[in-house]
Amino acid sequence: MIDKTTTIDNALSQVYDGQTIMVGGFGGPGTPFTLIELLHQQGVKNLTLIKNDANEPGMGISRLLEAGQVKTLIASHIGLNPAAVAMMNRRELEVLLYPQGILAEKIRAGGAGLLGFLTDIGVDTILRDSREVMHLDGREAILERALRADVTLIHAAIADRAGNLIFAKSARNFCPLMATAADRVIVEVEKVVDTGSLDPDQIHLPGAFVDSILALDELTPDYGILPQHAL
Amino acid sequence: MEFCPSMPYKNKIAARAALEMRSGQVINLGIGIPNLILDYLPAGLEVFIQSENGILGIGPRSAAGSEDRNLIDAGANYVTLNPGASFFDSALSFALIRGGRVNLSFLGTLEVSQNGDLANWIVPGKMAPGIGGGMELAQKAQRVIVTTSHSTREGAPKILTQCTLPLTARGCVKTIITELAVIDVTPQGLMLREIALESTLREVQERTDAPLLFPPGEIPRF
Amino acid sequence: MIDKTTTIDNALSQVYDGQTIMVGGFGGPGTPFTLIELLHQQGVKNLTLIKNDANEPGMGISRLLEAGQVKTLIASHIGLNPAAVAMMNRRELEVLLYPQGILAEKIRAGGAGLLGFLTDIGVDTILRDSREVMHLDGREAILERALRADVTLIHAAIADRAGNLIFAKSARNFCPLMATAADRVIVEVEKVVDTGSLDPDQIHLPGAFVDSILALDELTPDYGILPQHAL
Amino acid sequence: MEFCPSMPYKNKIAARAALEMRSGQVINLGIGIPNLILDYLPAGLEVFIQSENGILGIGPRSAAGSEDRNLIDAGANYVTLNPGASFFDSALSFALIRGGRVNLSFLGTLEVSQNGDLANWIVPGKMAPGIGGGMELAQKAQRVIVTTSHSTREGAPKILTQCTLPLTARGCVKTIITELAVIDVTPQGLMLREIALESTLREVQERTDAPLLFPPGEIPRF
């Protein structure tokens, strides 16, 4: 039987300096904290990261930003991470920001093998000044290019050995989109089940998009409830 | 729900804003005051609160101790679900928004103009930390309601003839709800619809940097 | 409680002559045979239909084509329907054909509020001659416009009263995409359950996209096994 | 699986084509001869057959009487599922194809040229009933294998120096499998890889309207 599970030593064996890496998650849920920590320990540099947000100081991709491993961050909103905002303001980090749904669409377009798409979002704003503007039926439209990455890192709740994935609740967010848009897709999961045990109608992402699966032995505190966001 | 003069202004705005909802609507609540609206949903109202991170059907915030680590809203708050809730990816979440299926979007703001221009994005002199989902909501929701303090902390008006800050979207705002008034953006200009119990027409006009229109008859209070 | 269920008499009360109607289904599965039959009985004319295929003679949308209710068909492949092919050849029916995945993307783009997208599919072929061609980084790209409809008609296995849908197996196909791309979405379902009884992680399409639900009392033979495709 | 001279030519092609698959691959089977490949999967081979209508992991065709009304492939055949199968919508199905995750696409053809151009779409003199998923598969699958009779029913060669019909995709074909031969499309030209037991080099070349290259040594038979 096909078995895409890998070990902690091998999970990132094909991740290199200078690569573009998509990282799943919106806030905590969906963020592959363990794979990010491995990336941190491995010490690869000059990365371009694509993620919705920058997590929060000391957590998730902020660890990579703070360690100087990241050259460019492509995101939607980094307001919950003052460390990242400070690095952006000091120009220690290049940050490219897109409206959130446009970022999602750029990633999806890359995954769907499209070259780009046309949108009217932001045509009436200063966003227009930094975008490629086209004319369509006498109106302006912004051309957004598709995004792809060398590697995607995501977190899922359940995988079978063939790579079929199920996400939990709001942890889905960008994860399945990013899994379609990279040459190499590495998934950390909370539970691995035998191939054939998942209902084909309930799979959120078909295994064809997944290259390797790291089963998590434990969930570090980053995965837990963050007191600062609780009542 | 009751309004009382001692209520903090943010809660008062949220409580009044909640009355704009109708059963069956798909509604997005922005960060800040809009998020407080969840605490003031009228009894019997059945709405579907959407969150940009891929949820439809959010309920009240989770009580302390009963949070689900996989269930946050777009503002990173732990939340609960109502019956009929669903999860989906970020692309579908914004298809819902840009495709026009969000009936009502409540947004905070820095400035709003008399023709409904919205500027809630870039703070002067700082690099913006990103627009998030706000631009798409402002531009594509069927109805945009701004919930905001009537003035800045420094006392400057936020409702202006023309915005001075970079816009989030042009002409998108239909209604403005502050601690002082409910104001509709109409083709004729800003129309005062309601006024706070403890305020006066004069105060509202003085603290608004655009001409207000007044409907005939008594103006309802809230 | 919100209840989007409707009756057979009211289901199509807001469908009119000259509208553009998307119809779900790939072959039989997903095709809303009952809603199509209602459309046939109602007699609306001059329709533009958008569907992957043309079903087969005497079945599904072929009933509308054969009755002369359709002016234009936008599809991917109508080869299984010689009646439709003959009408196309006699120019009794305008047929616009797109590569299948491009048709799916055009519908999805309409549903996602995009204006269009850029693709390299077909740039090296005669398809190019009938398309809008742009230049991107020195290479040619085809601009495909987003598609939207006045009405979408689809078939689902299960709905709750709020309109959350679950599709069965290969009956999913174009159905959820089309449901995002129309002003009015009408779904026929095999089973209606109470709102709150579906697992939020297993819903294929959120109820926000659905306007009304027709519960099917029975499945006509069109929904069954078609002997011509069995061994 | 055995090859025997009495096998119908279509089955012989399908049986030989099945040997090109490798475990773990995502594979799409076109209509016609490619679809017959399902009957000749080598024992122990674990591949994931994709169908454009939104399935990954198709198994053999359903036995008579055990069909599932909701489970057909893109050719409208009732099919079964293998362990690990999944369903998805048509947009994701083609994201799989155009995004480059299909390792192998078997397609039938009307013509194929020595540089791998494929023409399998429009029959001369007729309006085409549509390209379906063929153009995207031809252009974007990692490897395209054409499975076809060596000649048309009228005896004309299908493998040509240059296609005469409108193309489906340019330079996409990597291997051609007919009842007579297995031929690879190489930068140097068409390279004969294998030859049918009952054929000869001379027959293959005579029935091919493009020059064939021959590898050194004995050419394997199938």
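Going in written order, the chains are labelled A, B, C and D, and every chain counts its residues from 1.
Just so we're on the same page, a residue touches a chain if its C-beta (ideal position, glycine included) is under 8 Å from a C-beta of that chain, and two chains touch if they have at least 3 such contacts.
No experiment lies behind these values; they were computed from the predicted model shown.
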item: Which of B-C and C-D has more C-beta contact pairs; value: C-D
item: Averaged-CA centre spacing for the pair subunit D and subunit C, given as whole angstrom; value: 29
item: Rounded Å distance, subunit A centre to subunit C centre (Cα mean); value: 32
item: Centroid spacing, where centroids are CA-atom means, of subunit A and subunit D in whole angstrom; value: 36
item: Overlap residues in subunit D, where contacts from two or more other chains coincide; value: 87-88, 91, 94-95, 97-98, 140
item: Subunit C residues counted as touching two or more neighbouring chains; value: 105, 108, 112-114, 119-120, 167-169, 200-201
item: Contact graph of the chains (line, ring, star, complete, other); value: other
item: Chain-chain contacts as defined at top; value: A-B, A-C, A-D, B-C, C-D
item: Residues of subunit A touching subunit B in the complex; value: 26-29, 52, 75-80, 85, 88-89, 97-102, 104-105, 107-108, 119-122, 124-127, 157, 167-177, 223-226, 229-231
item: Subunit D - residues contacting subunit A, complex; value: 23-24, 26, 46, 48, 50, 56-57, 81, 83-88, 91-92, 94-102, 140
item: Of subunit C, residues touching subunit A in the complex; value: 105, 109, 112-120, 134, 136, 141, 143, 166-169, 200-202, 204
item: Touch list for subunit A against partner subunit D, complex; value: 1-2, 108, 110-114, 160-162, 164, 180-181, 195-196, 198, 200-201, 203, 206-209
item: Subunit D residues within the subunit C interface of the complex; value: 51-55, 61-64, 67-74, 76-78, 87-91, 93-95, 97-98, 126-136, 139-140, 166-170
